[in-house]
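The chains carry the letters A, B, C, D, E and F, assigned in the order they are written, with residues numbered from 1 in each.
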Amino acid sequence: MLLALSTWCEVEAYLERSRAIIVPIGSMEQHGPTGLIGTDSICPEVIAKAAAEDNPDLLVGPTFNVGCAQHHLGFPGSMTLRPSTMIAAIGDWCASLRRHGFERIYWLNGHGGNIATIAAAFVEVYAERSLSGPDSATPPLTLRQRNWWDLPSVMSVCKRLHPQNEGSHATPSEVAITYAAYPDQVRNVPLQPKVASSGGFTDAEDYRQRFPDGRIGSDPSQATVEAGIEIIDAAAKALQEDFSAFCAL
Amino acid sequence: MLLALSTWCEVEAYLERSRAIIVPIGSMEQHGPTGLIGTDSICPEVIAKAAAEDNPDLLVGPTFNVGCAQHHLGFPGSMTLRPSTMIAAIGDWCASLRRHGFERIYWLNGHGGNIATIAAAFVEVYAERSLSGPDSATPPLTLRQRNWWDLPSVMSVCKRLHPQNEGSHATPSEVAITYAAYPDQVRNVPLQPKVASSGGFTDAEDYRQRFPDGRIGSDPSQATVEAGIEIIDAAAKALQEDFSAFCAL
Amino acid sequence: MLLALSTWCEVEAYLERSRAIIVPIGSMEQHGPTGLIGTDSICPEVIAKAAAEDNPDLLVGPTFNVGCAQHHLGFPGSMTLRPSTMIAAIGDWCASLRRHGFERIYWLNGHGGNIATIAAAFVEVYAERSLSGPDSATPPLTLRQRNWWDLPSVMSVCKRLHPQNEGSHATPSEVAITYAAYPDQVRNVPLQPKVASSGGFTDAEDYRQRFPDGRIGSDPSQATVEAGIEIIDAAAKALQEDFSAFCAL
Amino acid sequence: MLLALSTWCEVEAYLERSRAIIVPIGSMEQHGPTGLIGTDSICPEVIAKAAAEDNPDLLVGPTFNVGCAQHHLGFPGSMTLRPSTMIAAIGDWCASLRRHGFERIYWLNGHGGNIATIAAAFVEVYAERSLSGPDSATPPLTLRQRNWWDLPSVMSVCKRLHPQNEGSHATPSEVAITYAAYPDQVRNVPLQPKVASSGGFTDAEDYRQRFPDGRIGSDPSQATVEAGIEIIDAAAKALQEDFSAFCAL
Amino acid sequence: MLLALSTWCEVEAYLERSRAIIVPIGSMEQHGPTGLIGTDSICPEVIAKAAAEDNPDLLVGPTFNVGCAQHHLGFPGSMTLRPSTMIAAIGDWCASLRRHGFERIYWLNGHGGNIATIAAAFVEVYAERSLSGPDSATPPLTLRQRNWWDLPSVMSVCKRLHPQNEGSHATPSEVAITYAAYPDQVRNVPLQPKVASSGGFTDAEDYRQRFPDGRIGSDPSQATVEAGIEIIDAAAKALQEDFSAFCAL
Amino acid sequence: MLLALSTWCEVEAYLERSRAIIVPIGSMEQHGPTGLIGTDSICPEVIAKAAAEDNPDLLVGPTFNVGCAQHHLGFPGSMTLRPSTMIAAIGDWCASLRRHGFERIYWLNGHGGNIATIAAAFVEVYAERSLSGPDSATPPLTLRQRNWWDLPSVMSVCKRLHPQNEGSHATPSEVAITYAAYPDQVRNVPLQPKVASSGGFTDAEDYRQRFPDGRIGSDPSQATVEAGIEIIDAAAKALQEDFSAFCAL
């Protein structure tokens, strides 16, 4: 069940059954010469939609599609929020959902660069209530973030499919998911070198100098539609279970 | 051409041809018993994608999908940003795109409640440069917002299709667009009364009291997939022309 | 009745009679070679004071005298708030008045550049309550903005007095009002060209290039003290009626 | 010379003569049963206007008319900005004036409750440049605040006129200035007790409990139009000299 | 009793005895060629600790150790918060302590540059409650700041020890306190001139030009460990009394 | 070398040798019935000071002593910053140090609850430059955070000393460090149960319900002064090496 494709009456009925929702959260940033700029938003969105299909007990909210990607701004098309903006925006999304009686929000994340700021945003939300004391007029929320690749068993599927050179940015697994989602978007562009170098980085200028084509440690030429379908399938199943456990917490 | 489905190299090449981009901007809010919560984001997104198809000179960015909808929060599923948050977020989107050399950003809007805050956000962006003086290190931007229903000739199509009871919220035209985009999402729910009442409002509680099922002045039971296709078609053509004119400003 | 010229005891007594207040809101910005920098604040202030004279049921607050005028900063003496600052300030003014039991605040606006940000500020105020839910501890407010030239019948007076070349900035009507308010401030400076050109603009540098003497589309040499008196008189009457209707909402 | 009653061309010419400006800054708050709510804004405005009269080398900006008065909110009609809002607003006023080449801004203050926040706002402005280092693109500003009662010799006039029970809020001297400015606004309301009690305070509730009619330590029944004229006269002269010295710093 | 060296159970027991706490607040900034960068934090911390020793009714919180010192940034090692940041941080400290039932917070200040911003921060805290009205859910707080040199009788000790050239920055008294606290940190560096010049300043560049070695009006070569011990002793006694009076308010 | 105990001239000389600095960052929060509230600030401070002793190439800044501890607010004495405040404060600290020519800032962290917000603060700092583009006037910074327990080999020492029931909050290792730093602060209070339960948490109320005495998974009764000395010694050595490597990056 998708929030964007529901009526308010249907959400009202859902709230009778469940007080939890999944929100995909990603980024808009370069993924090397063969990966799509939307990769990190597409992945959690596609996985969540697969899990939600024909599932009246799993509601998926809109995708938070631009995240923290300042380090990618050396590559055309990358977009970022400042962490302070992202904290405010996540806070407003949480407050809106809490207003309706949602008590648990599960953020399915697709971008490593978001992890810290999402966690900080949760603390900002919790702090409001913690500072008010136990008589706070604000109802409690339970917030969780989960990277799709950290869903139980997903990484083992990825490793089986790409035993080598998965790397950490523009990985064959994430690229495969986007190819599965948009089979007409497969790019066949030569990668030079085949496997990108690895390492750390600070700001956009530094990142671009270290990783000239945008990839880190990966060989995304391994990505196929078929692999993507397999990963999505495994992740969607794992998400259903993980979300059920979260609901039952 | 869609930013999310492009690589950074393709955006780099686009920037050789054009310095302008379209960003759909909408909302996540109730649209009565038959309209989808995502209506106001779906409409500009669908129109922009139709205009972008096979068009290498029209780049469409990600959809800014949660806007200013505080007045809808009395209905489950509606979500809002505070205007101060939205101004910060639009500012970050603009700054990201400016970083890459974009000089013109055309925001295709699908939600009346966004209009004021988008305009205020533009002023916030312009003010940075205006306060620095003519030697500002920040390059200039030209920002425009256009509601899809204000695109030349679109409203006349809507009026021809729905000569009566278009209303102002959960209109048959916007609902029709979403039905055309998602034909499996057509809702057949009796509306009571057939035509909703009209009027103004302040906050969420006030809105809900005045408009119990969420509609304002409309009879969205007129919405059909066919009408939606026709409106999308007219709007996409108008957008192509309006954007070309904007690029040539 | 003017808040600034009342004692707190008199305001306390007023609140027994009425829960509504008018706040003039304007700007400090160039108005061409013959218009005063304070024009947009003077106009609503003068009209509101005329309406308030000998009227114990119409309370006028202090004038919010610097608004959003980033686009005028290319001309010496213009001043601006950033929209984010203005939203915070309007919020504090509203919260202060709400604290005393005011339930309705009518902002009489004198500056086109303020319209969007005032509307966004209202949404920010409403959102606080909307996000808290119906049990919010914050009492509701009803906020309205009205441009003085949009008061019923005022524009027809302006058009009768200046059937041509009213334009949209440094108009003969607004200049006339300031001349009527300060008859010793009439400027007789040759305008070149007599009628300024029209068009849009973005930031301060862009505005100055397009409109070298600051006017847009107007010939303010038509402005006279007599015309100003007539407009103020019409606007003050219209304001009294419009405010009464607002109070009775 | 008043900014609000000048054209931009006149301000441009002024900037050839001087790079300094006076900005009156006050408050909107109760001043006991006989004092006007606008007292703290009226006083610096009236003094500055008296000093500016026929003086082409002394430019007076708009009055910053709502300041920090949270402690007065227990009395109807009082209004406040939060300090964080006031710091942002003063920052925008400074940035606007700096944009035009103003190098010195002299804030003539009429409200004790503003002193700390004005000083903090100055530090916020200075910090921007201090953190950027000596190569900062932002030109330097010199900011000063002066309470009108601290202008040389003014307090001695006040003490001569009201040797007893000047007090610290709703003082006979400030009330006298407003009576001189608005002779039709003299209030003859019995004060009980004649001299208000003195002491400190925290928030609005605390203030109202300690000072039931709003005055602190004063007997404003001494205030007369004549005394007000004398104080304004002394203060205006002192301001002219103090401002000249500030310009020559 | 020191908060940092207490367990939560001990603080819980303290709250049965007292609802007040002392928070030392200082700065990290140059103090001339012989003074330590931490001087303004060390002084209130050392005095508060001396007062707290073996005193179960005087609780000392952590030291707020970086304050408003933008004007010192021309000297390596100086650090500053912007006033807006400092107001937010003081607000969070106050809210945290209020959460536990603290009703009185006594800020013992060691830096002149902090005074205005601390006062503004208090107003920000009070304003939250004042704007909510008497039914506010937020419990009241009583906040006070006291400069250690303004504690009763302390300045007379300082003047007796250093009858001349105490000056206003890098004073022999404050340097003496730090030497007493850290006897191995006494610096014997020739000062040129022996007594620094006096005057005002704006931003960091301006300060450095006027006061090339960082001192203002002082001759800190007078500072000795013995003098420091004497001042600390006097100040600690005065603090105990002043805090007791504050608790009994 | 400690910044707080240096003069500006000494820091100036240090900057000739090195452009890097260590900043200890911790928290003020309950650590169970036997742990000190200052534990998480004391640990990194003590380790950094041990590493800095007699080391002219390792400069230690002031301790950022109140961090993100909203979840501990159910226990008296705990204090927190909101993440948004902490991001602003870390930003100001970084900007101050960058002003002097520091290019690398190494944050030695003592509190798990800080990790996300520190990382988000780094992104906020980097984003300023990344959004400005490669011609940014702001010099680059390299920021790193390291938890003291993640310093090479430290955890193996901790595990050797406390092979069981280290837990994750109020651990015997961190408590031991504080006992070593303040041997007169050893608490002998019976713990019930001996080993605290483990698990996750959301806000303060939730935390307190799950962990009634504040500990998570630990048995801090194992903590001894001797163990603390050993850990400090190992950590100080590791820090010297890790910082040298950071400087040489």
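Keep this in mind: a contact is a pair of C-beta atoms (placed from the backbone, for glycine too) under 8 Å apart; a residue touches a chain by one contact, two chains touch by 3 or more.
In UniProt terms the chains read A, B, C, D, E, F = Creatininase.
As the structure is a computational prediction, the values presented were derived from the model and not from experiment.
Hopping across touching chains, the smallest step count from subunit A to subunit D is 2.
Counted as hops between touching chains, the shortest connection from subunit C to subunit E is 1. Chain pair B-D has a twin interface among C-E, E-F or A-F; that twin, with over half of the contact pairs alike by residue number, is C-E.
Two copies of one chain, subunit E and subunit F, form a contact in which over half of the residue numbers belong to both partners. Between A-F and B-F, more contacting C-beta pairs join the chains of A-F. A separation of 24 Å divides the Cα centre of subunit A from that of subunit B.
Chain centres here are Cα means. That of subunit B falls 53 Å from that of subunit E.
Annotation: 30 Å between the Cα-based centres of subunit D and subunit E. Taken residue by residue, subunit E touches two or more other chains at 73, 80, 82, 84, 88, 92, 96, 99, 130-131, 137, whereas all remaining positions touch fewer. The touch graph of the protein chains shown belongs to none of the named shapes. Shown are all chain pairs that touch, namely A-B, A-C, A-E, A-F, B-C, B-D, B-F, C-D, C-E, D-E, D-F, E-F.
Every residue of subunit A that touches subunit C in the complex is listed here, in rising order: 92, 95-96, 99, 137.
Across the complex, subunit F meets subunit A through its residues 68, 70-71, 73-74, 80, 82-84, 87-88, 113, 115-117, 119-121, 123-124, 126-127, 129-131, 134, 140-143, 202-206. Of all the residues in subunit E, the ones that touch subunit F in their complex are 2-9, 11-12, 14-15, 28, 30-38, 41-42, 61-63, 65-66, 73, 75-82, 84-85, 88-89, 91-93, 96-97, 99-101, 182, 185, 187, 189, 214.
Taken in their complex, subunit B has these residues touching subunit D: 130-133, 135, 137.
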